[in-house]
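Order as written gives the chain letters A, B, C, D and E; numbering starts at 1 within each chain.
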Amino acid sequence: MSKNHRKHNHRHSQRTRAVFEKQHPSVGASPGTLVISEDASKPAVRLIQYNADHVREEEIHDITALAGKANPEQVTWIDIQGLGDEQLLRTIAEMFQLHPLELEDIVNVPQRPKVEAYNGNLLIVTRMAMLHDAHLLEMDQVSIVLGSHFVLTFQEHYGDVLDAVRHRIRQDIGIIRKSGTDHLAYAILDATIDGYYPVLESFGERLEDLEDQIIACARPQALHTVHDIKRELLSIRRGIWPLREAVNTLVRDEHALISPTTRMHLRDCYDHCVQIIDVVETYRELAGGLMDLYLSSIASRQNDIMRVLTVIATIFMPLTFLAGVYGMNFDYMPELRKQWAYPTLMAGMTMIAGWMLLYFGRKGWLRQQ
Amino acid sequence: MSKNHRKHNHRHSQRTRAVFEKQHPSVGASPGTLVISEDASKPAVRLIQYNADHVREEEIHDITALAGKANPEQVTWIDIQGLGDEQLLRTIAEMFQLHPLELEDIVNVPQRPKVEAYNGNLLIVTRMAMLHDAHLLEMDQVSIVLGSHFVLTFQEHYGDVLDAVRHRIRQDIGIIRKSGTDHLAYAILDATIDGYYPVLESFGERLEDLEDQIIACARPQALHTVHDIKRELLSIRRGIWPLREAVNTLVRDEHALISPTTRMHLRDCYDHCVQIIDVVETYRELAGGLMDLYLSSIASRQNDIMRVLTVIATIFMPLTFLAGVYGMNFDYMPELRKQWAYPTLMAGMTMIAGWMLLYFGRKGWLRQQ
Amino acid sequence: MSKNHRKHNHRHSQRTRAVFEKQHPSVGASPGTLVISEDASKPAVRLIQYNADHVREEEIHDITALAGKANPEQVTWIDIQGLGDEQLLRTIAEMFQLHPLELEDIVNVPQRPKVEAYNGNLLIVTRMAMLHDAHLLEMDQVSIVLGSHFVLTFQEHYGDVLDAVRHRIRQDIGIIRKSGTDHLAYAILDATIDGYYPVLESFGERLEDLEDQIIACARPQALHTVHDIKRELLSIRRGIWPLREAVNTLVRDEHALISPTTRMHLRDCYDHCVQIIDVVETYRELAGGLMDLYLSSIASRQNDIMRVLTVIATIFMPLTFLAGVYGMNFDYMPELRKQWAYPTLMAGMTMIAGWMLLYFGRKGWLRQQ
Amino acid sequence: MSKNHRKHNHRHSQRTRAVFEKQHPSVGASPGTLVISEDASKPAVRLIQYNADHVREEEIHDITALAGKANPEQVTWIDIQGLGDEQLLRTIAEMFQLHPLELEDIVNVPQRPKVEAYNGNLLIVTRMAMLHDAHLLEMDQVSIVLGSHFVLTFQEHYGDVLDAVRHRIRQDIGIIRKSGTDHLAYAILDATIDGYYPVLESFGERLEDLEDQIIACARPQALHTVHDIKRELLSIRRGIWPLREAVNTLVRDEHALISPTTRMHLRDCYDHCVQIIDVVETYRELAGGLMDLYLSSIASRQNDIMRVLTVIATIFMPLTFLAGVYGMNFDYMPELRKQWAYPTLMAGMTMIAGWMLLYFGRKGWLRQQ
Amino acid sequence: MSKNHRKHNHRHSQRTRAVFEKQHPSVGASPGTLVISEDASKPAVRLIQYNADHVREEEIHDITALAGKANPEQVTWIDIQGLGDEQLLRTIAEMFQLHPLELEDIVNVPQRPKVEAYNGNLLIVTRMAMLHDAHLLEMDQVSIVLGSHFVLTFQEHYGDVLDAVRHRIRQDIGIIRKSGTDHLAYAILDATIDGYYPVLESFGERLEDLEDQIIACARPQALHTVHDIKRELLSIRRGIWPLREAVNTLVRDEHALISPTTRMHLRDCYDHCVQIIDVVETYRELAGGLMDLYLSSIASRQNDIMRVLTVIATIFMPLTFLAGVYGMNFDYMPELRKQWAYPTLMAGMTMIAGWMLLYFGRKGWLRQQ
């Protein structure tokens, strides 16, 4: 993650990012207009080429070096991180014959996750979820362009969840090196979807901790955390629902670029999406339940407070009144003159207090609830 | 915006406008009856004619001058702002052979956004969203009539979000000048939809500010603002949901007037509608969450208030009672005569108070929560 | 509206009427059983016959006079208001060959709005909404039987929203006189649907007034009104939802009695139904929002009340305690004898009170919120 | 209703019955296992045989007497009330060639209402609603087996809503005697559905009474009643929703045993189901509204209580403090010695109290709200 | 259940298990990767082979002994409990030609319940519900692999709900011994579904007990139990909803391995799923209703507490003030000198107190509510 990006990571902008961050062109702009913000990261381009026999990995600093690299005998994966150079992006688009609307979808992030076919290649827009510093949710669009012998991936910020895929290519684990571009695209999509699991697990833990906190002692901070979690779940949900639809499209519709074997693997991806949605919805309900739990804890606590006040006031107000009566300065208050009066009064007061405590005890107001 | 219109912009009428403003004919009126309110703005008619080679723009003051202007070699866009002249509207309708029900849909605003085919032209009813003075939401119907070589647009009030489209025509930006009437209609529709983004962004900011305010200090004013925002989101939602359906109809159904290229662009419009709906629904949920946050803040605050009251009462009531006891005027209260009595009592009172503070401190009632 | 009916218009029966008023036969009764309540209004029968050239209107007192009146050259509209005469209704049913189940649907009101074809005629069950005395919602079933050259309308009570239709027939406004029975049925249906607009407008105004009231000062009465409005909206919704389905059936399914032109007009009716549903749902959400607003106003107000109490108690309890201390009658309280003691104490008390006011002021408890 | 059954009618078991009463076999039991509880009523079997010319009714005590009774010239209705004799049920099942799964559905009550075809007969599982002692909802499964010349009905407890059907057969009312078994099955189904109306009416009345009570004075008992009504509506809803589906299946799917005329009558049944669902959903919303009304009444009332407390405390605390000050025993309190001091103080106190009452009056705290 | 597993059964892990326990591979792992946790139970393999004539049951300790055991003349059921040995699982998978993705679904529990066809066999993923120690819900995945002459079942922990099925095989009860593998798979599926009934019954009882408790005295503990029940119902619901879909797939889609008779039995399974869903949804609504009931009980109780406080304060504050007035030390307070003053004052005070009690009694504040 660039320094550039990190400086925006204070709470306020983070919130905005999660809910509404579309870099939409100015109203009425021509279709195909690219919107590149000033502090966008400069693109880092990395090339991985492999087939069953060998693999080659390279950082590309001069984009023109890419020309003619892609060839039908190898799978070529070009991975672009950072969208901060319009010229470079347009060059790549031209090189691989991307449609202008396709490029717009790649650059003007975030789009809704979707699958669209253009000019013989397939654009898969997905969204990955990552946690920074344990608690800071970051959702980044990953755009996958699947061609017959190349795969392009674009993302806005540096850093991704795809290292495991690269590792499988380098070390020749599983069938990835023996398979075509469609399997690579599947592997990338699968990795972005799998990336939701650890994020959700961390949400699960936070919800449990919160529940324990709220049951122990309901503080407003807990409520604000619930509110934050609900907003972040909302944001994850907005990413995963359309992703499910998109993956379903890939599974259901036959497309020349995707082999039946890969389609079977995609069915697995689809199951994961559905399961993630299940968990998100469950967490949203749990978070809603915590809100209720909080409110009722507050209400119970208020009853506790009021009970203390009422017991104290009910016991001492009558007694204080009695003391006040015998503090009056009337000349003719015969009982003031009797020797037995004071002890009698004190005994009476004790009895009144005792009787009231008994009454409140029976009512259950003295027990801690 | 005309003076005429502006004078109605006080809060009350604004609220009415947002939710229910149909200029419905009197009950049982003949179909095709036009309802024109007295203070409707006089129509301002503007003609833009262009093809790839040239462009001409003109304010039309005499409506008869329009006759015969439209011709197959050019795209003719007639833009009517203000619906306050039935005669003029009927003349235009006749000139371009609009169906009576079509004219009714154009004049008796607001209709639900929809697409309907009449007599070989296509009526697209959309709704644009604008903010006046930063916070005042205004939603206006824009009716687009798409013919083979003309496009008519009608709107109720002066002012629109289409200047960027006019600018692209004048400056020949993008492919608009090389394309037909269907592209113009698409560009207009696209601009009205794009116009929702800045409006939603402003809602997003207001929601964030409100959240900060409510967390800092929950005042009733914040709640009224949440209530207002919810109502306005409701109003936006009532515009954008049927618009999504309408655009979907345009994308899905083949219509002679709309070319495949334009249909592909409309698919983009459709994506934007869906994304706007996503954001609106998310904001509605956030607004609902703020309501909960407010209520629980209020409840927490009440607990704080009650705790203060209870602590004070619980400490001072017993002490006051003791002071009352020794203020009684009984003749025989032997302890009153002892020299050590007063300091002992004061020490006892201090101990009682100290013990109670300790008790409340342990209970956590003295901490600010 | 008959005297008979009016006497039932107290609040309680009105509530029942809105939600549950089916005149269902006794359990297990034979199908086709008519249920006529004792205080049902006597039917008033009115005949309107017209074609493009002339129009004739007549009150029918002797039902046998109707026999043979209907003829293919004219449109015959027989309008029956009041369902209090089983014999008369059976005679009419026989005269126009209505099916027994059809008659049951007409008489045992209210049925769900629906469209059903019987024996070559079409039964359209709709429901009209009227306001009595500005605030009293009344929903009445209107049953329209559409035959090839006659239209019958039945309703339970006197008074309807169809005067404008009669006026258009009498004055030959629009195309109604030139059109057939299907256009008349459409006009009647359209008038009943249009009749919802003014009712909803009145609801809109009541909701706005309520909002203003609740913001100004939340009284329980306001809440009861919200509750009433919600119930009435529920009742309108129960009428309009199935009506939308029914009109949709008319638009979608081809039926010999309905011409394509009329079907196009019905599409307009359908749009109105959808728009009314939109408004009803919006109002229901607004009413729900008012409930929340009310509850949070109450909660805020309670905080205000508690703050006043707490501030007063916190200031005066310690002071009263101090006064109590120096009101004690111990013989040896040396400070009682000092001349400076009283002014010093008073100054101390003022300082304590001042310090507390300052503290509460800083906490924001003294400001009106 | 048997004594046996009645003894279980205390509140607790009633609640269980309403929500969860499936006599499910032990886990993993063989399909077709019948579960008969120990205190099930002994079956009472009644035979009604009729055609257009004559009718015969008989209590059957020896089940073997039934053999060969059913014949194609008559409609044979065998009505079994009570499921407490496995042997008898198996004999009947064999006699009329019922499928084992069919018998399981009949005996292991309650099943979800449904329609299933087995071995050339049709099993219709429906559920009837009855009120015992005005307020006690009882829902019993009625299983109807429709064969070509016989109809069997089974129910768990004695007593039903079918007396009107028997009456129509005995007295030859309507077309029932002239029709076949399908009409009888329809008549029985129709009677069970019609039986919901009086039950719902009673719910309607209870809801209205509750509303009046809550508005007058919100007691916790009212809330418990709302809670009970909600649970019972839930239970009715669980019966009527699948019944609607089942009747719809009968209307939609052509089945050899059901004539077109009967199908038309079933359409009417279907309408009733939909209407009952409408009413149930409406009542559920009303009950939810009452819950809100109750909570806000409680909240309002609390405000009233707090206002009284605050007004009293705010007036008397400062006054008591003043009285306390002049009750102090300092030697040098010069104002104690002045003759005008006491009346002045009393006047001052009256002014303070008056001013506070004025203040609270202006704030509206003295008005009953 | 192994010791290994049991030690995790404290409350916290139990909660996690219920909601989110997917043993997902590390992000980006190759498809087909098996995830086996360290403390997974070692597999216990049991073989049951039967046909109509004989049955054989065997614990398998050496997995190679299984090779060649399955033969077309018998139904072979291999039951694997515990997934803690990757090698063993891979051996079995190879032996019975399971697809790698199939094995992944079996091992990486829990998957969503589903039905998938692979390589000529059918994978049915279901989930069983069990209660440990009466209140501890445990949901375990059961994976059923249905081949032409074998059935494999896999589950994570020891212990299941299938003993009744084994008993039916051993004792030759019902048709299971005469039927093929499809009936065995059905019987297993049916047993897992039937296993939900006793679990739900226990939930029903807990909800009823809770309701009684809350009505008697609303303690926070009751609320926490409601919260726990809601979470567990959520967890059951997440198991049963997709199971319904899966069973529906089995009923609807024709598959070579499943005979029409078994499909008919599966229809029964489907009905049970739907009924369980009904009950779960009903319980969720009831639990929600209890939450409301709790909150309103708390609110009512608070009113009771406040009423006591207010009555006490309202009576004693004015009296104490009066006593304070006559305790003042002014030299000139003539009434102090009168003999009648003291009794008069006491009588006045009694009257004030009595009048106030009367007032509060009329207001209904003295009644227990």
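Keep in mind that, in the parts below, a contact is a pair of C-beta atoms (placed from the backbone, for glycine too) under 8 Å apart; a residue touches a chain by one contact, two chains touch by 3 or more.
Keep in mind that this is a model prediction, so the values were computed, not measured.
Peer 1: Give the chains in contact with both subunit C and subunit E, ordered by label.
Peer 2: Common contact partners of subunit C and subunit E, which must touch each of the two, are D.
Peer 1: What is the Cα-based rotation angle between copies subunit A and subunit D, on a 0 to 180° scale and rounded to a multiple of 5?
Peer 2: The C-alpha superposition of subunit A onto subunit D needs 145 degrees.
Peer 1: Centre to centre, by mean C-alpha position, how many angstrom separate subunit A and subunit B?
Peer 2: Once rounded, the distance between the two centres reads 26 Å.
Peer 1: Quick one: report the Å distance separating subunit B from subunit D, using the average Cα coordinate of each chain.
Peer 2: 43
Peer 1: Using the touch rule from the top of the page, what residues of subunit C touch 2 or more other chains?
Peer 2: If we look for residues of subunit C contacting two or more partner chains, we find 295, 299, 302, 306, 309, 313, 317, 320, 324, 327-329, 333.
Peer 1: How does the ring run, chain by chain, when subunit C comes first and subunit D comes next?
Peer 2: So the chains, read around the ring from subunit C toward subunit D, go C, D, E, A, B.
Peer 1: Within their complex, state which residues of subunit D touch subunit C.
Peer 2: Residues of subunit D touching subunit C: 161-165, 167-168, 173-176, 187, 190-191, 194-195, 197-198, 200-201, 204, 208, 211, 215, 264-265, 267-268, 271, 274-275, 278-279, 282-283, 285-286, 289, 292-293, 295-297, 299-300, 302-303, 306-307, 309-310, 313-314, 317-318, 320-321, 324-325, 327-333, 364-365, 369.
Peer 1: Once bound in the complex, which stretches of subunit A touch subunit B?
Peer 2: 12, 15-16, 19-20, 22, 24-32, 101, 104, 111-112, 114, 116, 217, 219-220, 223-224, 227, 230-231, 234-235, 238, 291, 294-295, 298-299, 301-302, 305-306, 308-309, 312-313, 316-317, 319-320, 323-324, 326-329, 333, 336-339, 341-342, 345-346
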